[in-house]
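Chain IDs A, B, C and D follow the sequence of writing; residue 1 opens each chain.
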């Protein structure tokens, strides 16, 4: 009870935020490495980007209150993530048209 | 107190759903779980006092990006087709790597507990303030990245159309 | 005596002209050009000889004249190859011999080779040969000699292989060239050693009586022998190769595959005596510097003389009999040189050798040309296809008989005088050598008359031919005497053979150059004549009429007979060495080694590199996830390292 | 602009001419003109060289010129020639000229073939005229690259393999060479890469011990030094005629020339100290190449191994480090260049008719192809060292020179090398006997036609050159001899 009280009282520690983003990031890593579908890989990338966003914001908020660097970074990252998703999905659909598959295993022609 | 509870709820949602998102067999479910994660992240932003970012997260991510995902999934998924399961070796290897990374980073974070500053109260960021810093060219003002992003967006729009259009 | 240059230039020109026009001119024109040129050369040579020998002696010796000596290639300050003309008694004598025989052969060939394909080529090669041989004998230095030595070898190769579509001729040409080339290698090594110590190639310096050039080599030894001995032995081996001394004689019998006039010119009269000439040229060096090598020459010569004579007794191909007889006779000359002393009467051997060279050239050429005439008539080389030809070919018969008597050593024919001198010189040196030589001489008389009777007497050729049913390729017709162009050289050479013995040879040629009077040693002379006559009588009894004696003898000494008719298996030994040892046991493994060891090593480097690169290429799989995985692992690793240290 | 650069410019102009020419006629015109111009030019150069020397100019290199083209490393474009370069330029011109006519009707892609061919000649000419180490090296590399394409595209048999092997091994050699050259440059502390400048300085013996073997082996690979000779059989066997000619005739000589001009001239101390080791290797090359040639059945392989033997003799003589032997080495380069080019030309022509190079499948060709047959015999006789042909002069100079060495080891080694003349006779006569003499093996061969005019031109030019050196060696040996003296002076220092 004491512990719970301790946790629930005062402000939320920065490590908690970092822990959350950490879990999110490595869930993304796991997805990126293990899944074959390109859409899944894209989803994993979104997760990782999101985790990074959280870190930016948290560090900004905790270490440099009053500044907006992290904030903007997160903002722009969101924008770039959106762009990247759009282009990636366009490519995926294009590949799907050609190969009727969205699995990365089939996409090693570029090495030759 | 309420803040803490909200945080833990959000944290739990993020942790659980991000893991579910990468392990779900069907992509459409993954996308749904991702949506939950993104929404919860938006909640975290709100909790940290960045209202504007909250709005952007909801609008761009949960709104725009997710719609793209859903469309893509519907376009590429053939109904009735079985989803291939991944090789166990691959999953184990990926899992171990991810866990190792988690351990490393967790270790670093744990090591640095209480070495960083505490949460300091901060006044709300007004839209005016945001607009000034986004469109100014002084120190701590970000017109250049803003413009760059805009050009990038333009390029992406053109590129995406070029790539995806039928030949 | 500037005109002597013409003697060299004319045949060269003739060769170039005939070689370039090839078959564009009529054969007759080519033959005429070759013959006329040779005629001029012969005239020039005779004139040279006359002028040279009628000159006054200086201090009792004929001067060495060097009308030309041009530096051709300079190696070092002292060593340079000059091309020039050296006239001294032996070279002038050789000029006469070579030009005479060559001229005769040219005339003879006009008819003998008539209608052959490549007639112009034949005459071109004859000119080339004459040029090289003349160049060889007038060489002013040892390297010039070597140059012409090689040229002679090549012309011999070309002429033996004249019928180049005949595999046996090609093989014989190849064999002749390679065997002599092998010997030439020792010649070259000898030259190198000699020139290294004496710092000169020049004959007039090397063979001067009181020369000091050998002072530098005093005491220098290699593997226990003096270096000059090595050099002179090497030079002798070179000569032995050309002169077909044991054990390098194997090429000469095979060389009979060439046209018969060529055999007469090259393989009987001129080229094969080059070795003798070489030893004679170096005689002072051999005698004063390396007497042990000179004795070796005598022993090898004696053995060869006997060895070849034994084989000659059982050969059935008439040209081969003559070939072995040539080997044997050249060995006589070698022995004579080997046993010779230097001064005055002791120099009998030297004089005898040169004398025999001269007379032998004449009668052996005569024998070959006669044999050619016979072959021309019966179209076969084998004794069994001949017999009773004396009725059909009287000129050939008589000239052949004269030559046989000469080679057997019956007076008054030339061979008697020269051979007698050789025998007496041998007896003076050692009774054993003398005995061997006498025996060899007896064998000579025997096999020559065996040959003579088999060809011209015995069962009639026509009957034989009919009995063997050989009517197919032109045997049916009656053999007839050869035309004038072939008969003339026979008669001319027979004439020379009859009178040459009375030439006071010693007055012209001797070891010191001083006048030398021939004394016939009565004991030796009578003995040799008796021995020769007895041999001839035995041969007459055995071969004049077909008898069973030869077969019986062959049966009695079947081992010896078989060995001799197979030339004591020396060819097989050589074949074994070249084919089995060099070809199969050296060259083949070497080629294998090159492909499978050295080359494989080089390929191995390449293959290893490729293998590694294929392995590395695996990392570039094109799989994004794999890249990411590796990237992540790397990051983790680096983080770990940073954390730990 | 020094007029020596014309040697590089003319082939470059040829390349430009080839670019604009369309028909086979035009291509032939361009290459024939270019090759003839080069021939005339080398004649003029020789004449001018003699004039200059006769006028008493005793400089090591004549007609020198110098332009900086890369200042940071002191790399100059510096040219100059001495008697040896003159001789090599003459040789190159003769072979380029005859090579053009030997591949007169090359098919397919004649234009591209001659483009690469011209580039190859740029490399070779450039190598012989430059006196700057780096420029020399650059030209060496220029000469190597076209080789790969020429063999790979126009070759026969296992051409890709042969091309790859040749190029890679020679590139490997040039890698050693680059290290050697840099070692020389930095070791001497020179302020330029000019050979003449470096020769005035002294490289410490400790450094020479490292860089001499590297440089010598680098050049030795090109000179077919045992055991780095295996590119030669495969490369030559698959190369087209003209390339074999130029490669065996000239490019292999780059090895000997370089070893002479760079390795020994600049590092005389190490050369004296280490020559025994390389002498053994080259001695092996000489005998080994000859023995290996006996066993071969492919004409080109026979000739390639014979090249190993003959080029071994070049390096052998260079390592004897005395005037006469070195003169002989250069003579041997000329002689071997000419006769091997003749051989390859003839083999190419015979192969073009019979479509086989195996000696077991040919016979009696003398009767059908008298011109080619006679030429082949002449080439063979030159190769086995018949007096009045070039081989004799070169070999005798080498043997006499080597035998003048005062050391018994060297003289014994010379005798070992001499044995090669017998073995050479064996394999030459074997080939001549098998393919030219005897009965016709293949009935199809009966109807072959003898050489055409352009083939005759090519063959006769080479034969005349062989005769010229063989029967009048004094002029060329004098030319070379004078230019060997600086190296001897360097050795005596």
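Assume a contact is a pair of C-beta atoms (placed from the backbone, for glycine too) under 8 Å apart; a residue touches a chain by one contact, two chains touch by 3 or more.
The structure displayed is predicted, hence computed values, not measured ones.
Visitor: Any chains in contact with both chain B and chain D?
Guide: Of all the chains present, those in contact with both chain B and chain D are C.
Visitor: Any chains in contact with both chain A and chain D?
Guide: In this structure, the chains that contact chain D and also chain A are C.
Visitor: Roughly how far is chain B from chain C, going centre to centre by Cα mean, in whole Å?
Guide: Averaging C-alpha atoms per chain gives centres 103 Å apart.
Visitor: Roughly how far is chain C from chain D, going centre to centre by Cα mean, in whole Å?
Guide: The computed centroid separation for chain C versus chain D comes out at 37 Å.
Visitor: When the centre of a chain is set as the mean of its C-alpha atoms, what distance in Å lies between chain A and chain B?
Guide: 5
Visitor: Report, in whole Å, the distance between the mean C-alpha point of chain A and the mean C-alpha point of chain C.
Guide: 99
Visitor: For chain A, give me the residues that contact two or more of the other chains.
Guide: Residues 29, 32-33 of chain A touch two or more partner chains.
Visitor: Going by the touch rule set out above, which residues of chain C reach two or more other chains?
Guide: 629, 632
Visitor: According to the definition of touch, which chains form touching pairs?
Guide: Touching chain pairs, listed by label, are A-B, A-C, B-C, C-D.
Visitor: Going by the contact rule set out above, which residues of chain C touch chain D in the complex?
Guide: 22, 71-76, 79, 81, 143, 146-148, 150-151, 154, 157, 161, 164-167, 170-171, 173-174, 177-178, 181-182, 184-185, 188-189, 192-193, 195-196, 222, 582-583, 586-588, 590-591, 594, 598-599, 601-603, 606
Visitor: Taking the complex as given, what residues does chain B use to touch chain C?
Guide: Residues 93-94, 97, 100-101, 104, 107-108 of chain B touch chain C in their complex.
Visitor: Enumerate the contact residues on chain C facing chain B in the complex.
Guide: Its residues touching chain B are 629, 632-633, 636, 639-640, 643.
Visitor: Okay, in this complex, where on chain A does chain C touch?
Guide: 29, 32-33, 41, 104-105, 107-112
Visitor: Going by the contact rule at the top, pick out the chain B residues touching chain A in the complex.
Guide: 1, 3-5, 7, 10-11, 14-15, 18-19, 21-23, 27, 30-31, 34, 37-38, 41, 44-45, 47-50, 53, 56-57, 60-61, 64-65, 68-69, 71-73, 75-76, 84, 86, 90-91, 93-95, 97-99, 101-102, 105-106, 109-110, 112-113, 116-120, 122, 125, 130, 133-134, 140, 142, 145-146, 149, 152-153, 156-157, 159-161, 163-164, 166
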